[in-house]
Amino acid sequence: MSKIKVAIIGCGSNANAAHIKAYLNNPNAEIKYFCDIIKEKADKAVLDSGCGEAIEDYRIALNDPEIEAVSICTPNHVHAAISIESLRAGKNVLCEKPAARTYAEALEMQKVQHKTGLVLNIGVCNRFNTGVNLIKKMITNGELGELYHVYVSFRSQRSIPGLGGTFTTKSIAGGGVLIDWGVHFLDIVMYCSGDPLPKTVTGQVYSKLGLDMPNYSYLNMWAGPPNYSGTYDVDDFVTAMIRTEGPTITLNGAWAQNIGVDEMYIDFLGDKAGIRLQYGKDFKVYGAKDGVLLETTPSYKSVDKFQNEINGFIDCIRTGEKLPSHIDSVILSSRIIQGIYDSSDLNKEIAF
Amino acid sequence: MSKIKVAIIGCGSNANAAHIKAYLNNPNAEIKYFCDIIKEKADKAVLDSGCGEAIEDYRIALNDPEIEAVSICTPNHVHAAISIESLRAGKNVLCEKPAARTYAEALEMQKVQHKTGLVLNIGVCNRFNTGVNLIKKMITNGELGELYHVYVSFRSQRSIPGLGGTFTTKSIAGGGVLIDWGVHFLDIVMYCSGDPLPKTVTGQVYSKLGLDMPNYSYLNMWAGPPNYSGTYDVDDFVTAMIRTEGPTITLNGAWAQNIGVDEMYIDFLGDKAGIRLQYGKDFKVYGAKDGVLLETTPSYKSVDKFQNEINGFIDCIRTGEKLPSHIDSVILSSRIIQGIYDSSDLNKEIAF
Amino acid sequence: MSKIKVAIIGCGSNANAAHIKAYLNNPNAEIKYFCDIIKEKADKAVLDSGCGEAIEDYRIALNDPEIEAVSICTPNHVHAAISIESLRAGKNVLCEKPAARTYAEALEMQKVQHKTGLVLNIGVCNRFNTGVNLIKKMITNGELGELYHVYVSFRSQRSIPGLGGTFTTKSIAGGGVLIDWGVHFLDIVMYCSGDPLPKTVTGQVYSKLGLDMPNYSYLNMWAGPPNYSGTYDVDDFVTAMIRTEGPTITLNGAWAQNIGVDEMYIDFLGDKAGIRLQYGKDFKVYGAKDGVLLETTPSYKSVDKFQNEINGFIDCIRTGEKLPSHIDSVILSSRIIQGIYDSSDLNKEIAF
Amino acid sequence: MSKIKVAIIGCGSNANAAHIKAYLNNPNAEIKYFCDIIKEKADKAVLDSGCGEAIEDYRIALNDPEIEAVSICTPNHVHAAISIESLRAGKNVLCEKPAARTYAEALEMQKVQHKTGLVLNIGVCNRFNTGVNLIKKMITNGELGELYHVYVSFRSQRSIPGLGGTFTTKSIAGGGVLIDWGVHFLDIVMYCSGDPLPKTVTGQVYSKLGLDMPNYSYLNMWAGPPNYSGTYDVDDFVTAMIRTEGPTITLNGAWAQNIGVDEMYIDFLGDKAGIRLQYGKDFKVYGAKDGVLLETTPSYKSVDKFQNEINGFIDCIRTGEKLPSHIDSVILSSRIIQGIYDSSDLNKEIAF
């Protein structure tokens, strides 16, 4: 098969850490354009990759009939607009997570995908993680029995990213810890549970520890350094409860909190066995048999989730296969996240 | 002052572990009756205490004009009835927690207390715990800043009590882990937060791991051994979210779960500082100042909470002081717990 | 059934830590005599137990027709003689491990047992340990596949007992670390492997670190304090390899060694799975499935092995059941241990 | 002195990782030929090194009178033949370890060395390791007192190399974990102990975990990937006991085992002190003095063992010095390894 020509739109950290390398390793893909509104970033990507052309305006790529696919790695606020424009230009799209700032935007993206029939996958990379897929398989096979509850903890003592920058500006990012970290955790839960439809959502978000920016204490800051003249209007703490057609889900998440332990895990509670997944690490299975309690730690060869994601994207353009990262699956997390923000505004539960 | 004569109604583990010893140590109290429908228990209490009279029918005590106070240590299903009958007989009452099986029962108790003007305290012993009071003082003094969220975890891998007995029979106990353990945890939260009025409650309870009693695996069983021909119709897992006039509260509780770590703690999240209280143990305070994160572990002399509770009860009979364990405060937890059970039945949030 | 009257012969640490308490807890047994050549020990046992009579000469018990059973807890050098005399006097015998100082003595004991038909069990208490029995069951069920090798490590940096006393005097104890610790480890291996017949034994024992008694450095000494005018002529290190009809076995044991880690474990190597048992603690199971490696830690309710052992002994007197601790099973370890000592003297392997 | 011209025979991983680089760094050596039957490997070596000529047939080098020395880095099965042919052609030889597949082959090599008087060193690189030489010096100086036992552990959970390839094919490699890893460990023991003559050898080898190749689970495979249509007829586990004129030696080795800890160390047990050497890492010395136990961890600058080895080889060609890696020393390990394989076949100990 001839190589699929790709344009990378947005050459920031996501593109560099994940997308670009994976396309370069994929024998059926070729990057033709590196696009960034900061030209230097695009130039550097061309230099590092030894291929492609640096552009500032993504419309050059969309107008190039050779381009079959685009990877959208921009800040969140233009995810929807560029995805939609790309689909309408006849391009297949892999858009970084979250799909969009709001559920309404995500719905619009889905509508255009349905109309065009082109690929619209979201960068929910954990759906391509080896350990996550082992868990999904165990749940599907019934090894946990009935999965009745999932508890999700993504709490860090001090980890607000780029204080005063795009991450903490609602009009750009769409939200804070819930949309940035929560989307990953929630996506793993939804994927492993078989993407069950949500029925009720209640939650509350708080913007507390980063609010007084100059007095925010921290040891390290990713996506930093802080910009004290910037904006901080996003959530740094979230708590929520969701009823679904499958398990109930409760979550607590903190970009920053005054509790000095980082707890980043998901507990899958089944009536036969349970699993605690340490996010980005390994997991333990807890069961019982004949009066004996069993704690099992699996070890396994992990395949690079980003490579899997990109390979899957490239393949499905040709095969038409619907991947687990399709907008139709991912839209559910978007709905839940929107539900939490709305419920927080209304101070009450929302039923779908 | 002349000694206050007391009747102990119900001579089981609560009476023996806490009440009796404390009355014996109180110089202003004297136990006149030990009552239990199982006569041997009452006899043994008389023998162990070296005082009092063993009776089977608590009405003997209620009809004795010398008796000023009763301690009700029976199973939960007769808490309300005996409390009410005692108040009507002119006795001051200390009733073990939970106040009652249902909020309706608790309201009825409160009504009679208001009418009679006698003491009706509930055995929320943690309100007399030294560490808990230190935390309450810190919160009240503003040392945590705004307390915006409390997360409550009372999760054990395998700790269903007396499987098939009074603890696991709803008509007797009123519920399972929520009413038995949750009431303690929730009471600490309410007390430390200043007993804020609840606004919404949503939650779900599950009866899973003890359901198939003969196949329930465990290492030790308190209040055991199991009675496999008994009843198991109570919750062994609960999850909930509560909005109050103060902080939001989320909780996960398990008498049994397929996760192999016991996590029994309360996280108080303030915007200046936070506290993790390990239930029944010590607590840590987490703060930050000028870029430095501080973790502080206070050590302090603990006074026996049960002795404090009994002393307080005896004193307030004479002084008329309203203790933190008064039914008027405790009724709020009862309302919340009822709300969780109701919300679980209805599968939706309840607003007050 | 009428209670079985028992005599305890030897009231030292083994009797006190294990036998006596277990007989007192057994509803079908009654201790009539406590015998010790140091009268004070026997007196103290009577006092502590609140029953029985203190005697100095065990023949009083052997001549008492009411006595049905004896527990022999003396030093090793009189195990054989008293066991044989007891059997000939018509008593059932539970003799502490090791059965005897030498294989020849053990064979003589077995011969008399066969002639009299009375019970002769050896105090191989680990055969009544819950964890050990779980392992045996897993091996028997084939969960480890073929068990091809067992590696045994009972190595301590500094743990010579009672330097210069009965433990370190060959004429009394029969040997050092091999006969004192090795017998326990080897017995677990033999029991779990189905008591396979040994085919070849080669080994070497060393008496090194305790030899210059006054200069032996140690932190703690069990069965101490040292008696520098006593004898030290036993092995403090042993290494050996055994071929059996089942797995091969290699072992390294040290009461004392110049390696600063205590390694007390048994590795059972099967072609499907393996187990590392930490002696006296828990065990881990290692397996693999579909490219995933699994490490499992079972938790289980442990029943008191000494109580099990004594209960089993008392029961089998009436029922005639042959227990795993019968001399016929235990004689194999005795043969192997003798083989190691003989091989060490001859500097070559011994084939049976 | 004029540069010694060298031919590299076999341009696989050993040559690339060790020999070639060291010759290039040695001012007195010059590589003239890179030989490999896979021409591409030789070509690549020429390219990477910037010198020499690529050849397919090593006889070209043997026939070139300019060549004084050859490094034999081929698979094991042609070690003996090429070494002998090289010596007979008048070349000095450094042959990778193991000397040969069998003791008979190694003896033949030694015979030809003696006849020709040329250098025949074996690639026992640990004899040029800084830490190993520190240990040897301590032992020789008597700092450990009498060295009475050495325990050798080279056990890995999952580390079979190149399943189905040259490593696991007996006719090529001569054996599995014993000849591949064991030779290194045993060589260190022999070297540090002063190359004591072996007296008895008993051992057993097993081919278990790699036998069912398609179902062998692993996380990583060195010298991989697996070739499922290849051969697997070598040992993946070995256990043995050796008596020597010096210490006794016991060993357990596993390329793969169902125990989830990798234990790669050598314990030297002396009556004054002991040493645990972590293979390829550091070592700890354990001693005792006046009741105080001492654990000492030396830190030292390590010189590249491969460079030492090559420098020594080049120097000794001119000086005639007999290095510790001379065939006369190394032949002892070969004898022991052969003894273990033979003992395993015969199921009994072998005396020399």
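We call the chains A, B, C and D, going by the order they appear; numbering starts again at 1 in every chain.
The working rule: a contact is a pair of C-beta atoms (placed from the backbone, for glycine too) under 8 Å apart; a residue touches a chain by one contact, two chains touch by 3 or more.
The model shown is predicted, which means the values in this text are computed figures rather than measured ones.
Novice: Which chains does chain B share as contact partners with chain C?
Specialist: Common neighbours, chain B/chain C: A.
Novice: Where the CA atoms of chain A average out and where those of chain D average out, how many Å apart are those spots?
Specialist: Taking the average C-alpha coordinate of chain A and of chain D, the gap between them is 50 Å.
Novice: Return the distance between the CA-based centres of chain A and chain C, expressed in whole Å.
Specialist: Inter-chain centre distance comes to 60 Å.
Novice: Centroid from C-alpha atoms only, then distance chain A to chain B, rounded to Å. What do you get?
Specialist: 43
Novice: Could you check chain B for residues that touch two or more other chains and list them?
Specialist: Residues 218-219, 260 of chain B touch two or more partner chains.
Novice: If each chain is a dot and touching chains are joined, what shape do you get: line, ring, star, complete or other?
Specialist: other
Novice: Using the contact rule from the top, write out all pairs of chains that touch.
Specialist: Chain-chain contacts present: A-B, A-C, A-D, B-C, C-D.
Novice: Applying the document's contact rule, which stretches of chain A touch chain B when the two form their complex?
Specialist: 144, 146, 148-149, 151, 157-158, 199-200, 202-204, 206, 208-209, 211, 217-219, 237, 239-241, 243, 248, 250, 252, 254, 257-261, 267, 269-274, 276, 284, 286-293, 295, 347-349, 351
Novice: Inside the complex, what are the residues of chain C that reach chain B?
Specialist: 299-301
Novice: Residues of chain A touching chain C in their complex?
Specialist: Residues 134, 291-301 of chain A touch chain C in their complex.
Novice: Which residues of chain B touch chain C once you look at their complex with the stated criterion?
Specialist: Residues 218-220, 260.
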